[in-house]
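Below: one structure, written as structure tokens.
Chain IDs A, B, C and D follow the sequence of writing; residue 1 opens each chain.
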Amino acid sequence: MIIVMQVGASEAQVEAVANVIRNKGLEALVMPGEGRTAIGIPASLNNDQRTDLEAQISAMEGVSRVTQTSHPYKLASREYSKESRVVKVKNVEIGGDAFVIMGGPCSVESLEQFRSSARVVKESGATILRGGAFKPRTSPYSFQGLAEEGLRIMKEVGDEFGLVTITEVMSGDMVPLVAQYADILQIGARSMQNFPLLIEAGKSGKPVFLKRGPSATIDEFLLAAEYVLSQGNPDVILCERGITAFDRQYTRNVLDLGIVPALKEYSHLPVIVDPSHGTGIARYVRPMAKAAMVSGADGVMIEMHPNPKEALSDGSQALTPEMFLSVIEDLKRLAPYVSRTM
Amino acid sequence: MIIVMQVGASEAQVEAVANVIRNKGLEALVMPGEGRTAIGIPASLNNDQRTDLEAQISAMEGVSRVTQTSHPYKLASREYSKESRVVKVKNVEIGGDAFVIMGGPCSVESLEQFRSSARVVKESGATILRGGAFKPRTSPYSFQGLAEEGLRIMKEVGDEFGLVTITEVMSGDMVPLVAQYADILQIGARSMQNFPLLIEAGKSGKPVFLKRGPSATIDEFLLAAEYVLSQGNPDVILCERGITAFDRQYTRNVLDLGIVPALKEYSHLPVIVDPSHGTGIARYVRPMAKAAMVSGADGVMIEMHPNPKEALSDGSQALTPEMFLSVIEDLKRLAPYVSRTM
Amino acid sequence: MIIVMQVGASEAQVEAVANVIRNKGLEALVMPGEGRTAIGIPASLNNDQRTDLEAQISAMEGVSRVTQTSHPYKLASREYSKESRVVKVKNVEIGGDAFVIMGGPCSVESLEQFRSSARVVKESGATILRGGAFKPRTSPYSFQGLAEEGLRIMKEVGDEFGLVTITEVMSGDMVPLVAQYADILQIGARSMQNFPLLIEAGKSGKPVFLKRGPSATIDEFLLAAEYVLSQGNPDVILCERGITAFDRQYTRNVLDLGIVPALKEYSHLPVIVDPSHGTGIARYVRPMAKAAMVSGADGVMIEMHPNPKEALSDGSQALTPEMFLSVIEDLKRLAPYVSRTM
Amino acid sequence: MIIVMQVGASEAQVEAVANVIRNKGLEALVMPGEGRTAIGIPASLNNDQRTDLEAQISAMEGVSRVTQTSHPYKLASREYSKESRVVKVKNVEIGGDAFVIMGGPCSVESLEQFRSSARVVKESGATILRGGAFKPRTSPYSFQGLAEEGLRIMKEVGDEFGLVTITEVMSGDMVPLVAQYADILQIGARSMQNFPLLIEAGKSGKPVFLKRGPSATIDEFLLAAEYVLSQGNPDVILCERGITAFDRQYTRNVLDLGIVPALKEYSHLPVIVDPSHGTGIARYVRPMAKAAMVSGADGVMIEMHPNPKEALSDGSQALTPEMFLSVIEDLKRLAPYVSRTM
């Protein structure tokens, strides 16, 4: 931990900070700089010590800022596990050799619509079937999902086609219900910092698919994962799905692919990319899915609808079955290049 | 609703869109432009029609984008109520003539700490006492609040000093518990799109204090309010608390005061500004609180701690009791200028 | 052009706007909506008419906003030329079948350093040599480049190795000097809206390599290209180099690869990606260069330095010669997959 | 300066960095941390040492990042001058007791239009007259200004009414021409990092009004000021004019008023706020001008046009003469509250 003093901080103020540190039994290295002094603590602090010291010192007079030289996440970090985590769900491995495809419609709309979707997903060779039963919608007037009926359909269809299923859960109290039906719990971008939900998902014992919030930094993203992990659940899958930026006229979000190698370097968790939400435009899904693969992602999540024009949500970003199959074919041709199976 | 076709869209594609519109019994005005054609629908659509048409048309071939000429929120809009909403809680009015101060510590830490805080708040003439019992913390290793014990302390102290109380609720299932103790339910910035929570808060019958998400647009913010309002709860208070931007070195967030006149123009709901989170720096709270007042806000929420250096959370942005009283004095001097009482 | 009126605009205000339009000899389609009225102009306006009408109407009472249904750029648009532009410089084509590599150091530091760099670039099979003679540096205390001496070195070394050269020009009055030495004029991200420079570059007759500004929208980017094109210079090369976002801790910028398919759809100009500035991290250049290729870019610009540790600028993002050669090998293996030669 | 090593950096890598530091005759404090080691340099480095060391170390193996404990600007800093700079132009002081108003149209359109504007500015009691002769326009098809004819009109009218004049200069080679006519040189937001222009403006001997770039951090902003100051010109006036953010539907930019107290703390230069560009909406200029005053700004720049509906540029944000006079009256009533004269 390093404390940077304000310009013109008095010697007494510097000394006061150093004394707080020394009173904890730690060493304080006072480093005069150009105009401002820094104070380093050359020691490995545990979480309690860090929180405690930071809260106390940051409110002291003459202190400009307290910075950490280490990252705030532990269990999510590459230091914690040099070995990359492989999340196993039924016969599917996420983060292993195979490049994983999660496909399906935005919402489960009916048994028929979902079976049609599953048939295409199965035909493509993909192994994971997505579909929303509870839909987080910006407007209360938009379609909100079929709720438990949607979960039932998802489970039935998943079983029929032998596909692993994934669906979103929007609140902590719904975790037991959703966990009863789905193989993987998805936590949506807008819920990334829904802490009670993260804790319940952590307790569920189910793999958790965590989408990055639209303005979440990497630290905030990995700390959200840390909430799940700290409940004793090691199976967190990270998902980049586009961030909020200043130009929404051509794409809905900015897909931040540079985060893929960064997450791979700083964390041991698998990383999936969602080019459907990441661009919001069906015709840009193909190039961005390929870009995700070569940037080092472990898989992609792609929206597909048997008939996008009749989709009850997100029709403009869903692929038709033909486009979906064609994109997957493209990815299969590319997979050997990155030493991935598909 | 206006549909803009892609460049080079064929006449057949334009015609297909026009036919979808006409088949709903609506008129379609085809407007050729430079390179691209637009199609207008000169009619008042209800929500179902809008959702339906937008989903269907946006997935059609040749369509570039579908734009709405009206705002997506209804109950939150100024059209819905020309008269500004005054939220009444006990003897306090929010959105009326009086400029409202909500003060108190980030977290309820103990009976003693909270009573000290309340004494200062009362002394300042402020009417609303804030304090967190359940704390949304970025890191699972940070102090998480006293939970129900904190709520009990808050209620006891609020009653003792005759102050209206406000505290955050983080999930829908906790609404009944929190509503039992607190006068106003706060929905934090990170929960702004926690839709199950918004719905439960709407059902609670308690006034709801809704903080803007760090990257939420005005439309998204007012649609979140719409979730609460659409449950039959008219008492929503909007709060600007800073947005996420590209420079976090000097202030934690960017306080977007330009949103205040915009919210006042497009919505009838009261608007509060939180300069503590909006800047993250105790010494910038004073100028930003004053700026909030003259920009047209109905009040401010300010963090104050009897001893910021010992605060268990957010110490660097909390005012000392002396600073808090002095800022309130400053605001009182300024109030007549904006024709506000305090 | 579509005019959206404010909520509650009076009929007289609507009529006033319609009359302004009709007085120009144009048709005005009045479309009542939910709460607000829109007015469409079903005609192809020329630039003067658009500018004129927009300025006049946007200041009228009761008007909320004026939106364009067509894009504001013309010569840069795909409508202007269905055929993709191939920029030819000596024996090199940019935007043709070959995937183009532009490599070299951030700055020309000495003849020796630049010759070493050119040797590696040549060895890799790349065809374009980059190097800065005039350096735009955030701080006046950073190395500012060798100026004309740098240009001379660049030309000499380019001729020696048979490489096309590219270098940045920072102001309009320097264009003649730089054009005397360099094959391609680079306009840096911070100069994207330096309009006098864009005009002079347009007049120079040299191909212009235009980097996207760090917070430039696609419209702003293509309008900057339009400045060059409107001088009669058809040879503009667009470059995505990362945008400014909220997390600068792990990467310097966010590389916006989703812009590649969007630029390809809306413009006919070639698109290059710069993963060096786009990430600011040498070890992320490889995955992002590959991602750029599969996302549809026509080439990449990569910083390489014979000895990054001794670089006078941007050492942390420059590749060593070994890494550079290895990345190019990787791209060559990938090229057939996207039907590109290298 | 503090160097943070990568997780898992070897002892040899740490030692190598420490040796580079020691070889410069400096002390290296090695601080082991949780998972990663930091190395502090307890000394006041001059600029050459900093640049040199940072470039060298940031490219070494095992190094994660190099951070500075002091700010990169010197002459612009509060440390350099505890006393706030007062810029004197003719009989006007900027940064002194008086709150300064800069008013006038976006563009000088004709002698008649500019005289009408000046008459209103004079009548209001404002002292500085603005007007663009060379206009930086996003589109090459928009009105580009009257050029030298505009400068002549501005000078003539300024002299006639006894007003100080300010106008934008867009490139270094135009500085002598513009300096011949105008009292203050304005550098626009899009030119904030036009370094040749900053240098020429620094050499001109004229006060320089520097607008913050739309995505410039405070460090970048003050380093741009540093370019001017380092030419021996102490008269730089800083201007906040709104930053680029994610919601452009209601306001054109986000006015970042929190920067005002931050600039006042870290720099000694005067600070002006431009609520016209900061919001882009004429009816939001009044509240934001008042907010600027109470947040500690030294003045405001406000666009006014004798007839906004006929303005050739930026009509939607210009005030009418009546509104302008009324806003100034409002500010005059508020001035005593912040102990300012007007």
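Here is the rule we use: contacts are C-beta pairs under 8 Å (C-beta built on N, C-alpha and C of every residue); 3 or more make two chains touch, one makes a residue touch a chain.
Being a predicted model, the structure only gives us computed values, none of them experimental.
Q: Which chains make contact with chain B and with chain D at once?
A: Touching chain B and chain D alike, sorted by label: A, C.
Q: Look at all chain centres (mean of CA atoms) and spot the one farthest from the centre of chain A.
A: D
Q: Express in whole angstrom the distance between the two chain centres, defined as the mean CA positions of chain A and chain B.
A: 25
Q: Using mean CA coordinates as chain centres, what's the chain A-chain C distance in Å?
A: 31
Q: Please tell me the distance, in whole Å, between the geometric centres of chain B and chain C computed from their C-alpha atoms.
A: 38
Q: Counting only residues that touch at least 2 other chains, which ones in chain D make the list?
A: Those would be 215, 219, 244-246.
Q: Give the list of chain C residues in touch with chain B in this complex.
A: On the chain C side, the touching residues are 1-2, 4, 7-8, 29-38, 40-45, 67, 69-71, 77-79, 244-246, 248, 266.
Q: Please give the residue numbers of chain A that touch chain C in the complex, ascending.
A: Listed in rising order, the residues are 215, 217-219, 242-243, 245-247, 249-251, 254-262, 265-266, 278-279, 283-284, 287-288, 290-296, 333-334, 337.
Q: Could you list, by residue number, the parts of chain C that touch chain D in their complex?
A: By the definition above, chain C touches chain D via 47-48, 50-51, 55-56, 58-60, 72-73, 136-143, 170-174, 190-191, 193-197, 214-215, 219-220, 223, 226-227, 230, 244, 308-313, 315-316, 318.
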